[in-house]
């Protein structure tokens, strides 16, 4: 089994599925797509359980020379961080596909087959991003994710999506190009050292002088901050989530944006540790602003999808904060947060999507409440997902949020104090939104698709997510087992050890 | 020797300024030819100065090129002129930013 | 009187040049003697055969060149040192010839406009006159365009191979003059086309005047036209260095004009817009490749020892070119103009690579050299731009090509394949990974950064970001905007244009995914032969 | 340069004579002008109004001028070749045949296209 | 007197020393020579005019001018004086400055070209021990110089025609310029063969190269050395071109009285007109002198004379031979005028472009080949003459087969006329050949698709036509 290029096959499965479904009629394409994403899920699970070793370090490595003249390799591998992201990705895609079963039926741009094809392409690219161990390859697939994402945003969703897609793409491309400078810079540094290469392992071995490190760091960080997103380069986020379909938003926020924080860990901390420490104060401040600002703005939103998008800003603030406070709890909390946020926000988006589809509007005020009585399951799911988002104990985000907050206090008391306020704000925006949209006397539900409760398909998409929220809320250890060895690796490479052994909930 | 160079420089400058300030395509074109011929003068002078023939040979080639340019330039200007009944470069203004 | 020494003419090494020139002359003969009905086929076949023959010759020469200094350079100096048939030359020849083949295919396209080519039926007939109508209704066709194209190709081959100033000047003119004419031959929108030709001609002749005076001054400085001898003079610092500096400046005016660098870019949009689209495609691709080849050779070989005099100037030019090209492109509402400004921006990117490290002593083993990067970029860009303009020629309405961006809205629904191909080319221009544009950009940026030109690279990045905006705007218009009126229609082309587009797209994709072989080839080309 | 000084002398002499003649004719001749005399001569009828700059004339003349330029340049190359022909021998012959053939191609084209017909 | 000068003569100029004999003269000598040339030219013009009138008169069974002076020799002078006293008119429509300058521009080059014509060998000056060539100056590119300066003369004519502001003048000026440049090509090509044989462009060296030590066939028949004989085609082409260059009959189209009144000089009067007239006659003399120099051995005595009289090529005697040969050409000019009618303009241009130029080019290649063969040895000059004969025949043949070939050359008729009268399924009547007849009823047209403007809506119609 180990002789097989497991990761390449993993990437190839959705890719083949994407190509196939692009040329098939809508209904068939959906089935093929679902099959492909399911296969990827199964394959990833098999690979993880059969071949991944919990000791940490880069595993399942494949390395082939790609462009010899530039020292570029086709190199794949996963470590703890990569593995959880891969699993998150493969798990979310089938759910999104099912949830969006009828979403793209009546749209142009290739209809369902187009939607499925782009989703699968996005999955393949994302998997490649999380498994790439060559900077060049990483960059290539990093940028390549934008194309399917662009067409998903621009092709499907509410009117005005074209503009939103363009804003999205411009932001992301700009970030990518800034990163390109740093990628090139890394290459030049390695060439100066005598061995031009893009392999992360080669680059990590370099001794880069601090000034250069800082420049390179800025390049990488800007790109990842846009991706993540982080204040002040987050403005694409709300527009995109507002206009795109919720399925797309799930993929964007829960999978794609994780690349940002993933990149910070992999490149900023992994390759440029000195510069990362140098930048900590600024980054921490930015993260705190994101946390508070995201939450505050979310409170003021009337559009449900915008609201959810902005909560993510707050959450990404937490993740970045965890990464840059430089201690074990922080980082493992962040990684955990990435998973939990993925699950929780996905659930919230999907529920919101179902609700909006029923009401025909995304405006909280226009909904006028009352849904609780007509559609109790829907309301319940909404509540669970919402509470998970605001970090209710017993649901998984709580664990990661606590880890990060503890780490923040350890870093500096005022950082922790500011971070804590977000919990309060989160409670406000979730509960208030719930109250206004679900509870109360309710209006007349005339002229819309019809206010009815969730059907089996919809419940089926939400159930695994809610289960995961509960499961990881009470027993996060399996995840932490995967994550912690990697956290130790990072801490060693950064050169900061606080002695504490992993984060205990 | 220097005198010739200075003369050629002056001619070149006149041609150059002429191109920039004149509006009639034919005149502009003649100014360009003046620039080429100024170059020829410089080439020949330098050839004399360095005592080799490269510059003079170059002058020959330049003449050929100038001739070809005249032919093509006149053809183009003629077509425009016939269409618009004006050789002013300002009148040719369909292409704008 | 010195005795006459018969120059050695290396006929084999010059075979591509001779073949192309011979075919061009033959084309004129065909034009003169073949009956009108037979001309079209004869010319197209002849041109294609000639170009492919020349391409074969390039390959043959490439396999059989002398190698110097362990592969650092290869080739020979032919015809008494006036033409350098070395690695970079052969590489550029190959690229130009392939682009020219595609150009001929585009020229030959007659399917798009109701059975006639894109060229005026009778250039001498006044636009809007009875004679023109008659020429149109009789289906007249200027088959002279093929010999003209071949002459231009000949100039393009000669230009980067020239190893002395005079040959370079001749190459410059031979390449330009046919293009001036070709620009004025559009079938539709004759006035626009003629105007473009006039502008191109006047500005082109103006810049070649500068080039020539530069030739004279540098000759005055060095006492020789030969690059090697000039290099020797520069190294030994003999002669009047102000002559050298002014001469160098004037020479670069001429060359920067041809590549369309700021501040000599003004002609680019007008000419690109006004010229018949096949000509634009061919010109945008070929001229840039040839002119950059010449620029590289001139500055690396002849002025290489005086790098510090010209480097700052080139820094500024590169920076300005990128910024101006990118910013002005945003304001355009015409696809051809937009592509023109984007080509200006690309000129800036290539110039960035031109600023990179060249001396092999400064390179780590396996590191990309500036020459290699630029050669690669040129090859990739040529294919992209060719394909993009080929697609522009497909989108038409009853009045001919539709180039206004508004009218391109909704193209993705009208013709997904064409829109997809165009989007792909745009993404390649924007430098998105998995297209050749990305690898090219990476290569030029890395060489420039290695040479310490980080401000240029930073500006390059900024310009890329700005540029990305207008490329994506077009994609958005094609896919997500509602069509205005009845929208444009895509005329499905014959196999000729389709082949060109496919070639461009395939090259762009292949070079994006596996750029290795071409990069290696560019690396194998080695240095310029001195 | 001394070879050219006499040319200058002769030129000055000729110029002096010509200018003198022009001035003389103005000074010596009688002056009895009238309107008709000052009109352009057109066989006694009212002269056709002339546009500024001499008006336009057939394109033919341009074509002739262009052809002339091309051929004159060709001749320019033939002269040095002819003068030093004895030194170049067979090589010179071959090269010049190639050159002339090339020009001949263009010539044949112009001929066939009616560029040499004056109608 | 002339005998005395012959005694004073020193050695004839030696050709091999190149141009060292030139550029040595002191300023006063230059001045004297220049003035002499000037005077000779003016007098020659007066003489030529008289000569022409007399000869033409004789040919037409008239007497010609015979009143003023002996044989009417002073007639031209009288005419000149009369012109000087005529009213000087500058037309209203004229561009004054250019109108005044044009005759000056036409005149100066006419004089200047004579600077490089060799009248004779190096001679001793009377009353000094100085020797000097009978030539104002010479240079390595003398013939080129002549052609260059002569072209400047064209400006005078064109500007004169243009500045007059009259239709006739303008057309005359244009015609003359077109004609001069057309024939200049042929003339230039004709000279190539001469340079090729002489190996020089300097007039004095060309003269020297034409007169090497005489050789004989069988010890009796002299082998010709003049280029007029060994380069006969060149000579013929040159002579034809020279007539065209000087705007003389039968090529006097620019001033064709019948169509253009007076051509470029219609508006000129008084001495300005005289200047044009002067320039034309000097040009005639110039091309004759050049022909003498390049093809007839220059100032050297013709063949039999040198055999019977050793001193014929020394001293001032060569002046006699030179002017004799030159007058021969002048006579030829007059003869042509007296006997040939004027050509039509298109015939004239076609002759220049379609006959003279290709023949010249072919001839140049032939000459070069012959030269190679002779230089590489082994070929007797006999064969050379054989080849020359063949070429002569070829030349004559080409000269006469013109018209029939020309018909075939014309563009094949455009296919629209004869093709598919039934295109599109219904008949389209063919247009009468040569277009609608003026005054006749308007041609019948059918409003079918084929008559609409192409390219907009009827691309389908195109497809059918293809």
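Note that the chains are named A, B, C, D and E in the order they appear, and that numbering of residues resets to 1 at the start of each chain.
Note that a residue touches a chain if its C-beta (ideal position, glycine included) is under 8 Å from a C-beta of that chain, and two chains touch if they have at least 3 such contacts.
Note that the coordinates shown come from a computational prediction; the quantities given were computed from them, not determined experimentally.
Participant: When you take the mean of every protein CA atom shown, which chain's own CA mean is nearest to it?
Facilitator: Answer for the innermost chain: C.
Participant: Comparing centres built from CA atoms, which chain ends up most distant from chain B?
Facilitator: Here the answer is chain A, farthest from chain B.
Participant: What is the chain whose Cα centroid lies farthest from the Cα centroid of chain D?
Facilitator: Relative to chain D, the chain whose C-alpha centre sits farthest away is A.
Participant: From the mean C-alpha coordinate of chain C to that of chain E, what's the distance rounded to whole Å?
Facilitator: The separation of the two C-alpha centroids amounts to 48 Å.
Participant: Round to the nearest whole Å and give the separation of the Cα centres of chain C and chain D.
Facilitator: Their C-alpha centroids are separated by 39 Å.
Participant: Centre to centre, by mean C-alpha position, how many angstrom separate chain A and chain E?
Facilitator: From the centre of chain A to the centre of chain E is 91 Å.
Participant: List the centre-to-centre spacing of chain A and chain B in whole Å, with centres computed as mean CA coordinates.
Facilitator: Their C-alpha centroids are separated by 64 Å.
Participant: Of all residues in chain D, which are in touch with two or more distinct other chains?
Facilitator: Only 59, 65, 72, 84, 111-113 qualify.
Participant: Tell me, which residues of chain C touch at least two other chains?
Facilitator: As it turns out, chain C has residues touching two or more other chains at 124.
Participant: What part of chain C is in contact with chain A in the complex they form?
Facilitator: Against chain A, the touching part of chain C is residues 363-368, 372, 412-413, 416, 427, 430-434, 438-439, 441-443, 445-446, 449-450, 457-458, 461, 464-465, 468-469, 472-473, 475-476, 479-481, 514-516, 519-520, 523.
Participant: Mind listing the chain D positions that touch chain E in their complex?
Facilitator: The touching residues are 2-7, 9-11, 13-15, 17-19, 21-22, 24-26, 28-33, 37-43, 47-48, 50, 54-55, 57, 60-61, 64-65, 67-68, 71-72, 75, 78-79, 82-86, 89-90, 92-93, 96-97, 100, 103-104, 107, 111-114, 116-119.
Participant: Hey, which residues of chain C end up touching chain B in the complex?
Facilitator: 123-124, 126-127, 165-166, 169-170, 173, 177, 180-181, 184, 190-192, 194-199, 201-202, 205-206, 208-210, 212-213, 215-217, 219-220, 223-225, 269-270, 273-274, 328, 331-332, 337
Participant: Once bound in the complex, which stretches of chain D touch chain B?
Facilitator: Interface residues on the chain D side: 59, 62, 65-66, 69-70, 72-73, 76-77.
Participant: What does chain B use to touch chain C in their complex?
Facilitator: Touching chain C: residues 5, 8, 12, 15-16, 19, 25, 28-29, 32, 35-36, 38-40, 42-43, 45-47, 49-50, 52, 54-55, 57-58, 61-62, 65, 68-69, 72-73, 75-77, 79-80, 82-84, 89, 92-95, 97 of chain B.
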